[in-house]
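The same chain A turns up in both complexes below, where it pairs with chain B and then with chain C.
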Partner chain A sequence: MTATRVPPVPAPARARFTAVLRAEWAKFRTVRGWVVAPVIAAGLCVVFTFLVANGIHTDICTGAGVCTPGHAAVPTGPDGQAVADSYYTVGTRLTGDGTITTRVTALTGVTSTAPGNAAPSQSRRTRPGLPAWAKAGILVRPSTRPGSAYAAVMATGGHGDRVQYDYRHDAPGRPGPVSTGVPHWLRLTRASDTVTAYDSADGRTWTRIGAARLTGLPATVYAGVFVTSPVSFTASADGSRTRATAAFDHTTIDGHATPATWRGHGIGSGPQDFYPTLGAGGFHRTGESLVVSGSGDIAPAVVQGLLGANTVSSSLPFGLTVALIVVIVVATMFITAEYRRGLIRVTFAAVPRRGHVLVAKAVVIGAVAFVTAAVAAAAAVPLGAHILRANGAYVFPAGVPTVLRVIAGTALLAAVTAVAVLAVGAITRRSAAAVAGGIVVFVLPAIIGSIGTGGAVPWLYRLTPAAGLSVLDALPRSAQVGYPYTFANGYYPLAPWAGLGVLAGWAALALGVAAVVLHRRDA
Partner chain B sequence: MITALRAEWTKTRTTPGTAGLLIGAVVVTIAVSAGIAAATHVSAHGGPEDPTRLALTGVYLGQAVIAVLAVLTISEEYGTGMIRTSLAAVPRRLTLLTAKTLTTTALTLAAGVLAVAGCLLVGRLMLPAAGLDPAHGYPLISPGHGPTLRAAAGSVGYLVLIALLALGIATAIRDTAPSIAVVLGLLYLPPLLAQACTGALRRHIEQIAPMTAGLAVQATTHLRAQPIAPGPGLAVLAAWAAASLLLAALVLRRRDA
Partner chain C sequence: MNEATIEVTDLRKRFGRTLALDGVTFTVPPGEVTGLIGPNGAGKSTTIRVILGLDAPDEGRARVGGRAYPDLRYPLRHVGALVDAAALQPGRTARNHLLWLARSQHLGADRVDAVVELVGLAGAAHRKAGGFSLGMRQRLGIAAALIGDPPVVILDEPFNGMDPEGIVWMRRLLRTLAAEGRAVLVSSHLMSELQGIADRIVVIGRGRILADAGIDELLTQSVDERVVLRTPMTAEAARVLDDAGGTSRILDDGALSVSGLVAGRVVEALGRSGVVFSEVTTQRATLEDVYFRLTGGAAEFRADAGRGVRR
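Now for the complex of A and B:
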C-alpha cells in the first residue's frame, strides 16, 4: 500500500495576513511622495496653529475706549480648574475646632432686565426672580482669597439644601425652598481638616448630609454666612445678572472666634473680576436677623462671563483641516494609484482574499495618519495655548488628561478619516472622485459648520463626519451651573468620544461598501 | 490653432467623465440651492436677507465639481501618458494650453449658464414660501433687475474663472489627487482661516482669497457689508486665474512632458 499524498498544510491565516500587511507597508514606504506628505502635513498643522493663535487677541477696554491686551481675572481652584468665586459674606476667624449654626428664614432674589453682557451701570432695573442656583448658607475656608479651598452648606433657590466643597463637589440635603414659616437650619462642624455639614427643619434633630476633607486646612480659618446668586438664563439666552437676599438668625459660632464682631466682605465682584454680578452686595441687621445680599457664584467656571473663551485646542482646527486634506490625498492615492498603474491586478493575484488587502491598507494608512496627527497635535496644542496666553487671551486651564484626550482624539480623527477616504478610493477607483468626495464629505461639513450660522449648523456636528471634531472639546461643563451648554456658546452637541463614534460610523459604512464592491467586482 | 482646438474638443467630448461631471455640476448647484431655499425660514427678528444670493448658494458646492472637471482635463493626460501624444501632435505647448483653456471655458460657460439659470428659477419659485415675498418687502427674483443680472452673470463668470484657476494649477502639478486637493484647499480654507482671525486681518484674508472675493459678485443688497465690491472681487479671482495660467504656461514650456 502506498501512502496517500498529504496536501500541503496551509499556513495559518494570521501569518498570511501579516505578510499582506508587510507588503502594503513596503508599497507605502517606497513611494517618496507618500512618506514626505505626512511630514509636510504635520508641519503645516503646527505652522497654521501658530499663525491662527497669533491672530487671536483679547483686549480689556476701559470706558474711555482705551484697550490693552489682557483678560479679566479668573480664579484658579484647588484642582487647577477655572472657578467662579464671587459672593458676599459676613463672618469672622475661627481658631481650632468649632461649629457654626444658622437659620435661613428668607431667600429672595431680583433679576436684571438688561442683558448679561450689558455694562453693570445699565443693570440697575430689576424684577423679582430667584435663580435655582442662588445660594445662602455658611462656609469655612482657609481665606477669602478667590479660588481658595472651602466647604459650605447652603439653602438654594431651587435645588434644596446642598453641601458643596472645592467647587466641584456637591451633595444634596433636605429638598424644598426657603419660604415664610419654612426656615432651613444649617450647621458646619470643623474637626481638624474635616468639615461636616448638617441640616435640620427645627434646629433640634440634625441630619448629617456630607463631609469634606480639606487637606492642609490651617488652624485659623475664615467662617461666616454667605449669599450669592448666579447669572440666570431662564429669561434671555444672553443671561441676566441676579442678586439674592437672605435673612439669617440664630447664628452662633461655637469655638474660639476673633473678632467677636462679624464683618462683611464683598468677594470677587470688582470690575476686574470676570463673573458678571449685580452689585457687590451688602448686609444690615434687622432686630435678631442678619440680612445679607450677594451676587455671583461659587462653582466651576464655564464660558459664562468669558467672551470668546479659548481652550488648549482653540487654535488647532484650521491647521488640522489643512493636515487632513494632505492625509486625504495620500490615503486616496494609496489605493487609486494601484488601479491607475494596474498594480491592483498583481496585488489581487498575490492575495486573492481581497478583504485582507483592504484591511491591510486600512491598517497602514490609519497608522500613518494616526502618528502624523499625534505628532502634529502634541506640538501644536501646547504651542497654540502658549501663544494665546502670551497674547493676553484667557485659556481655560486643562489638566493632563484633557490635553492627552485632545491629542489622542485628533490622532484618531485623522486615522478614521484616512481609512474612510481609502474606502472611498477603493469604491471609486479614481483619484479625482475619491479626493473630491473625501474633501466634500469629510472636510467641507466642518468648514460650513465653523462659518455658517443658523439652527441647522449643530446638526452638522451631530450627523455628518464633522461630529469627529467633538474630540477637540475642552470647555468645562458643570451640573452645578445652570448654563445653556449649546453650540452657540462654543460647546459641541456631542460628547468627544460619541462624536468620534459618528465619524467612525461613516468610515465603517464606507469600508463595508468597499469590501462588498471589491468582492463583487472585477479588478 | 483651429486643429488643436478641434483635437481638444474631440478629446473632451469622448472622455467618459466629461458629460457626467458637467451634468453633475448643474445638478449639484441647483440641488444645493433648492435645499437651502427649502430650509430657509425668515424670521421677523433675523437680519435682512439677500434673496438672489440665497438662491445662488449652490455655486459654493457646484464650483467643486467644475474644479474637478478642469483638473481632469489636463491631469488625466499626464496620468495616462496621453500628454506625450498630444505634445507630439501639437508641439507648440502654448497652443495646446490655449486650446485647453478655450474648451474648458466653453464647457464651464455652458454648465454655468444652465446652473445659474436653474438656481434663479428655483429661487423665484421656492423663496416666497420661505417668507421672502413682495409682501415682506422682497421682490421676486427677476433677471430684469440690474443687481440680480450682475449677480447671475458674475456667478457664471466666477465658475469659468474657477475652472481656469484649476486648469492652471493642475497643469503645474500634473497629478490628479494633489491638484484637486490644492484647488479645493485654496477655495475652502481661507474662509476658515478668516473665521479664526479677528479684525482687519480677517477682512484682508476675505479680500484676497479667491472664493470670498469672487463670490462678492453675488451680493445684491448691503454691498457695504461685503469685504470687497462685486467688480473688484471678481477681478481678484481673475488675477488668481491669470497667475495660475501664467505659471502653467511657464512650467509647460520649460518642462519635459
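Now for the complex of A and C:
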C-alpha cells in the first residue's frame, strides 16, 4: 500500500460561515458605542439590583420597642435548605439498636379563624379542621435541635401513612385517614445508621414502607411520638394556623431507653421561631392512651412562613430589565443601522447567503448579550443577597447549582432576547420600530406582570416572552407542603428551563420570519 | 467563459406599476471599460443590483464569469462593486470598514493595507468614515470594491462628488483596471464623464437598451453634421434654408442650426437671397449629442409632466 497524494479539496462550507462570523464580529467590535453599551448595561444591572435590595429592611423588635435588623430563626436542614421544624413530641433516649411501636387511634385538628400572619394571641378562636399534611407518628433523630436529621413514620390528615426523613424525602404507606375503629399501627426500627419504617392495620401483619440511612447517627438518639399540623391555605390565602391532636396507645420501645419515663417537648414553637404555630402543644394521659397536641411542620420551608420571598435573585429583575432594554437597543442597531445607511447591500453583496448573515449576527449579538448578562448577574446576585442579609431580611438559602442556574439562565435570557430583537430588526428594517417592538414584546409583559394583579398575570409568564424570567426562580417548593405555589406568592408558573423555552420559541419564530423575509425581498 | 465577463440576459423587473427593466441584455467583456449610461431612473442601478444578487429579476438572468452571483463562494474575489458611497457605519474607521469586508472574504489585513494605499486613503484610514467628504467616501468605496482583487469591477456613479483631481485619478484608475484585463462596468448619467475612458457604451432608457456599441461605432453610425451660423434675419434665413432642402432650428443663443445641407450650400443659398450672416461653422456629433438623441424620448420626465398637468 503506497501513500497516495490526496488532491486539495475545496474548503468546506463551514469555512465560509466562519468568515461571515468573523466579519460580523469585526463589525460589532469596531463601533465604540456598541462595545460601551453592554458595559453600561451590566453596570446598570448591578446598581439597580443594589438599590432594590437596599430598599428592603427587616427588623426584629423587642417588647421594649427596640428594633434591630434581623429575622425569625429559620432552621437549616442537613442539605443546607431552609426547613420548618416545629412540633410537639413525647419521648426518651434510645441507645443502640431498637424498635419503637405505636398505634394511632385518633387524629383530629382545629384551624384558627384569624389569618396566619396575625399574632399568636389573636389565633385562639378556632373551628374544626385538620390539614391534609397534619402528622402524627414516631420519629428518631440525633437530637431535637431544629434542623437536625431525622427519620419518621406517621399517619397524616389526608395523605395516608408516610415515611419521611431529612425533610425532603417522602414515601407513601397505607392510604386512608385515622378514624374511629380504623387505627394505624406504626413502627420504626433502628439498626446501626439505618432506620426502617413499617405500618400495619392490626399490629400483627407489618409492611415495610421505607428506610432512611442517616449517616453518622450517634449511638444514643432521641426517639418518641410526635404531632404537628401546618399552616392551612384552604380557607384563607394568607394561611391559618392549625393544631392537631392525636391519641396513641400500645406505645412500646424495645431497646435500651433512658429515662424510662417519657417527657414532652415543644420544639420550634417559641416567639423567636419563624413557623406560625397555634400554641406550643402538650400532652396528657387518658387511661391507656397518650393524647398529644402539636402545631407546626417538619418539612422544607417554603414562603408560607413569615419569611417574605427574598431569594438570591429576588432583587435582580428590575436591574435586569434595565440592562435588557440597553441590550435590545444595541441588538436592534446591529442590523437596522445597516439598513439605514444602505450598508446592508454591501453586506449582502459580500455574503449572498443572507441566512448566514442573520445567523452570524445572531451568534455575535447573542454572545455579547450572554457575556454581559452573565457578568452582571454574577456580580449582582451575590451583592443583592448580601445587602438583603445585611438589612436583616431572610434570604432563602440557594445551593451553588441554583445560583449557577440563575446566572446562566439570566445570561441565556439576555442572549435569546437579543437574538429575538435582532430578528425583529431584520423584519422591520427600522431602528425605532424594532426597538419599540422589541421592548413591547420582550420587556413590557414582564413590567405589566411585575406591577399587575389578577388571573391574567400568570398567563403572561406562561405564554409571552416574560416566561423567560422563570430562570430567576429560586424559591423552594415541596410536594410535602400544601401551599399555593402561585405567581401572587412569588412562584413563576413555569419551571425555569420551560420558561426559557417559551422565550426561545418566540425568538425562533422571529428568527424564522426574518430568514424568510430576508430571502424573499430585495436588499 | 472568461472569468472577467458580465453577461446580462433579458432582464425584466417590475416595481409596482413601473417596469424598471424591460428586456435588458448586454455583455461586459474583459479588458475594457464599458459605460452603462442613461438618465436617472433609467434602470442602471437596478441592473447593477440584479447583477450583484441584491434584487431578484422577474425574468432573465445575470452571470459573472459564467456563474450566478449567489453561487460565488467569496463573491468579492470575483466581483468588486461600488453601489453607494454613503453606505458606511459613520462611527467605524475606514480601515475597520475594509477589515470586516476582508474577513467576510477570508482575506487578511494585508489586503486592507494594499487597497487603502491604492486609493490614497493611507493618511485617513484610522479616521471615522462618518467624517469623510463624498470624494473620500468614493475612494473608500473603490477600496472596498478592490479588496478581493476581482476580475470584474462594477462602479455605480463613481464620479459623484469627486473634485477635479479625484476625477482625473478615477479615470486613470479605470483605464488601469481595464488594462490589467478586468471587465469594468461604470454607470453614469453624464456622458461627458465617460468620454475618453469608455471603450464601449450601453445606453439604457426606461429599462430598455437603446444602444450597445463601441465608442467609434457609436460616433460614426450617427454622423450628423450641422451648420451653425449667426444672422440678424433669423426668420428669413430659416425660410430660405428650408426651401433649399435643409432643416433649420433656432438655438437658445439665437444662432441658427441647419442640418441636411453642407456649409457651401448654406452660404450659396443665403448669398443668393441677400440674407446677411456671419460665423458659419460645421459641427460634428459628440458622444453627448448621440446620448441625448438616444435618450431624448426615453428619459423619465414624470415629475415635470406631473407639474405640467397641475398647472
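One rule holds in what follows: the second predicted complex is superposed on the first by the 503 of 523 C-alpha atoms of A that agree within 3 Å, B and C clash if a C-alpha of one lies under 4 Å from a C-alpha of the other, contacts with A are read in each partner's own complex, and residues count from 1 in each chain.
Keep this in mind: contacts are C-beta pairs under 8 Å (C-beta built on N, C-alpha and C of every residue); 3 or more make two chains touch, one makes a residue touch a chain.
Keep in mind that what you see is a predicted model, and the values were worked out from it rather than measured.
Using the contact criterion defined above for the overlaid structures, shared-chain residue A:342 touches chain C, although it does not reach chain B. Within the superposed three-chain model, A:523 lies in touch with chain C and out of touch with chain B [touch as defined at top]. Looking at the shared chain after the overlay, A:57 reaches chain B, while chain C stays out of its contact range.
Once chain A of one complex is fitted onto chain A of the other, the partner contacts of A:16 are limited to chain C, with no touch recorded for chain B. In the superposition on chain A, contact is made by A:26 with chain C only, not with chain B. Of the two partner chains, neither chain B nor chain C is touched by A:271. By the touch criterion given at the top, residues 10-11, 15-16, 19-20, 22-27, 30-33, 337-338, 341-343, 345-353, 522-523 of chain A touch chain C in their complex. Put simply, chain A touches chain B in their complex at residues 48, 52, 55-57, 315, 317-318, 321-322, 325-326, 328-329, 332-333, 336, 340, 430-436, 439-440, 443-444, 447, 450-451, 456.
On the chain C side of its complex with chain A, the touching residues are 49, 52-56, 69-70, 72-76, 79, 81, 83-84, 86-93, 96-97, 99-101, 103-106, 144. Residues 17, 39, 61, 64-65, 67-68, 71-72, 75-76, 79, 175-178, 180-181, 184-185, 188-189, 191-193, 195-199, 201 of chain B are the ones that touch chain A when the two sit in their complex.
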